[in-house]
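Take a look at the structures below.
Here chain A shows up in two complexes: once beside chain B, once beside chain C.
Take a look at the complex of A and B:
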């Protein structure tokens, strides 16, 4: 017992010397961090528990995401895009900057929403508590949840009033930022680079087609649209524009993107169609449907 | 008592490390050599930049891909030669490593820098790029950089070779080599490299090439001698 105490003391003294040394770059290789065995999630008033989440995971999720959470489940070879790899902990739909971990709430919302155009359904059929438990369990797959904190959610200023000028300025930004290179001039997901895109697993992936009747993967509200291009969809070709787009400009872009979604009625689309110019543009799109070449060039 | 000795031992060894840290750098040895290939490397295809006219017009003849760059005498370029074992980890230098996008290509094609060193990414083109490095150990991020916007500043906290791509221009491809210590070099025309200022010791020298993998050799340096280490990669015709 006494020896133990002395050993601990010796270690403590040694540590006080190691720490300053490590800041000088003399640090020896650290053993790789291990994922936590138990995790909690906090979503509003809910507290999720990973032990309870484990039971749910091995009932509903492991078929695709696999027993080790690495996205290599039994069904994975038949699923595109591939099931999320929770060991890498790279997530598309976040409120946090590119390269950072999402918040518990982001993961919870993804479970609730499901992902359009993929095999991931909405898990609204589970209770809120069950979804919170699953979020906690998902975090036991990657050591990143031990070594890193989730990013700080980006600040979204209040949405300014919708105006024609805002929509038009958004359209200029769509050109300037070259969104059309992938999404196409009319937002049909058929830009010149569209056919070459691959995700971080080297699997082909398609840019969002704004004219489809479906919402995008990460939601349908204006703030969700704002988040998509200001945080980027990590693991996909969609980059973050947070460093190059000012918040007020970002709202203009949101307003413009809404007018591209001519199959989804919105206040933005209604206002755009109330002008002669906007009405003509939208009407022409409704007739054109798809461009012949698929290259984003008008036939 | 035994436990006491363990604690004391840790103290003594740390004190010794402190002396090495604080003392003046001893005149170092040098490892130099040449990286070559044998066999027939794949013929690099010209890059079709017609979808990006602002870049295409910068070339009179289309540039070729850079996944294998060879020089005279079967020499191999863009090989990262570094000390993979035997040297202590170094603190990052204050200078930034600069990665430039020009003519829809990455300059340099392979950029080596140290863990936690500032990485500056510059866009000199008249078109938007997105910088999408694909690390396995470090954090994955993906940022857009339209023309005329300020440099992106980033750093990586783990040593790793990271492929870099631009999703908008699928031919753009480069590499980051994140190094643990300051002893590294990238072969240029002629395939030669020099690792200078190495304190006496036993080192593992590793050469890494993005298409041909890596090779290692053990080298012992005593005093300020210069040792020659050559690497030969087997070229793949595909």
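Take a look at the complex of A and C:
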């Protein structure tokens, strides 16, 4: 009888714990969140509509990004770097902290600007409304847009005055933070680690070559350059330095990086060349110039 | 691809039927030119579907227009050939097997009374094919682009439709682009990208119209078509987003023909001509991108050769006694989401010596009695309903109305034209490698009083109908 009681008690205890556990298991087995079928985007006064964006996507975008937005369009095997996977919703150019979703405006600006050294062109020829519609449609590919909110854009402090000291300090940071390992000592994207880098798709990815253009991946202005190393380029080896670099140091780094773009006039380059040291360094780089367009050395 | 070149030989056979009818068609043949069309080589290079650059190929989208204006460059610093696989070859070809019917009323034919003694309604139909275009285009290096289009008629006789090199974004500015060679004028309404293919609908009447000297007698002295590719140099500038576009060209007065030939008369080649165009686009909410613009062509043509040989044959390029002509117009491109209208007003004017084929050194005394400098107005409305990138419905109506006849004795409506075209193109697939379209079209053109009835001796109309079903492909 006592054994029976113990058995019943044990069963009760077991049921007490197992049932909820099984319920938890059922919850865990529930399907993951689904992407929204309809989304809006909000950029200034514009409201984008995903239904209108769908038509545009299947006119302009699917060849690379694929009909399901997973970056597996029919041309994806021939595109380097690979087209963005909108299902993963990992975006390089953001104003928001690393790991967070970008704002609608971030995506809108990416469409407007395009990405140099990739197959993604600028869609400036489209109307503002069309770009907003496309942003809305892109958000229907990933459940992240349902379960998460975009990150809060980082604060960009006012740019301090440009000085020789800030350029030199930026150069020191370039060494200290080991930027050179990927970007190379001269910023040509040929550092010792460059050939080993891969993106989140395990595809080789090349570090940015500062000497090739004055456009960085996510813009051409100083604040845009500042934003890149404070937010990182998610999906690439380029990390966020927000926790490592103080804002004033970040500006110094911006000033220094501009001097690496020695083929593109800028106040930073002009100031750097006004010093004997800077003039000699830049002159040496110019003589050693090679171009990716095959146009040869141009001293 | 130039559909007019496709139809050259068929037109030639029709030419035999009637002098007046042949004059209309002959002008088309002489103006024959080909095009830029759609170029899958670009789709293959950039991995983008045809629909990116073409609302419905070959008609450009605003994105495609920007790409073209930027020197066939996306601007990603990956446009130069050095970034392409060495196996990449920037070439595409286009041709259109088809079945078509031509139905011509009031065709002058031989009869019991002798040669060309009566009129008949002549219908011809059957399977056929067009001429072919090779389209090679792209960049030679960053900001150096080219276009080369060897083009054949359906007999396989080739000519060079486009041969040009363009220096893009000079001084780093989108406002400084220079093109040299043979090229299409900066026409907003591009005849090279026309969405109609039939012998009647495959060109713009307004672009090629020249006034008639008299019923049965076409304009005798020079050849010109605003839709024809021209030889010369062009400056073109545009805003970065391509909303503002301007261009000016200095052109050889040969209507694009090589070796200083005019295509008719042989006296041309000494004069330079000019063309200017400008347009501005603006956004209206979700309706789309609207564009308005204007254009003007200032031409001059010689009225006689300075030197002849072999008993009167003009030496090419020695034409003198130039007299002017001009064409001008305004154009609007209006978008209401999937529906768009292109509207155009056109005005033309020819010098009286050109219109009458009179040597200018003869002075006014050499002109026919009651001769005037002819002028005319024209209009066009072309509608597209782009259901999706795979289906576009097409409708076009053109008219030309003479304002001033060349001779007082002419009927007031001599040469007036009405032309109606409608149809649709269905693209069963859209990809990044090639293009294919089922093309279906009907077109009718009324040319007023352009021939003389052999039975009554009175001016009569010439009416031409075309029905066209084609398999239009480009690879």
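Operating definition for what follows: the second predicted complex is superposed on the first by the 257 of 299 C-alpha atoms of A that agree within 3 Å, B and C clash if a C-alpha of one lies under 4 Å from a C-alpha of the other, contacts with A are read in each partner's own complex, and residues count from 1 in each chain.
Just so it is clear, contacts are C-beta pairs under 8 Å (C-beta built on N, C-alpha and C of every residue); 3 or more make two chains touch, one makes a residue touch a chain.
Since the structure is predicted, the reported quantities are computational estimates derived from the model, not experimental observations.
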Which of chain B and chain C A:128 touches, first, second, both or neither: second
First, second, both or neither for A:243, with chain B first and chain C second: first
Which of chain B and chain C A:177 touches, first, second, both or neither: first
First (chain B), second (chain C), both or neither touched by A:234: first
Which of chain B and chain C A:90 touches, first, second, both or neither: first
Touching partner for A:163 - first (chain B), second (chain C), both, neither: neither
Touched partner set for A:275, first chain B, second chain C, both or neither: neither
Most chain A residues touched (candidates chain B, chain C): B
Contacts of A:193 with chain B and chain C, given as first, second, both or neither: first
First, second, both or neither for A:100, with chain B first and chain C second: first
List of chain C residues in touch with chain A within their complex: 46-49, 51-52, 61-63, 65-67, 74-78, 80-83, 141-142, 240-242, 283, 285-286, 288-289, 388-389, 431-432
Of all residues in chain B, those that touch chain A in their complex: 1-4, 6-8, 10-11, 14-15, 17-18, 21, 51, 88-92, 127-128, 130-132, 134, 136, 139-146, 149-150, 152, 167-170
Residues on chain A engaged by chain B in the complex (per definition of touch): 3-4, 6-7, 9-11, 13-14, 17-18, 21, 23-27, 88, 90, 97-100, 148, 176-178, 181-182, 192-193, 196-198, 200, 232, 234-244
Of all residues in chain A, those that touch chain C in their complex: 52, 55, 58-60, 62-64, 73-75, 78-79, 114-129, 212-213, 215, 292-295
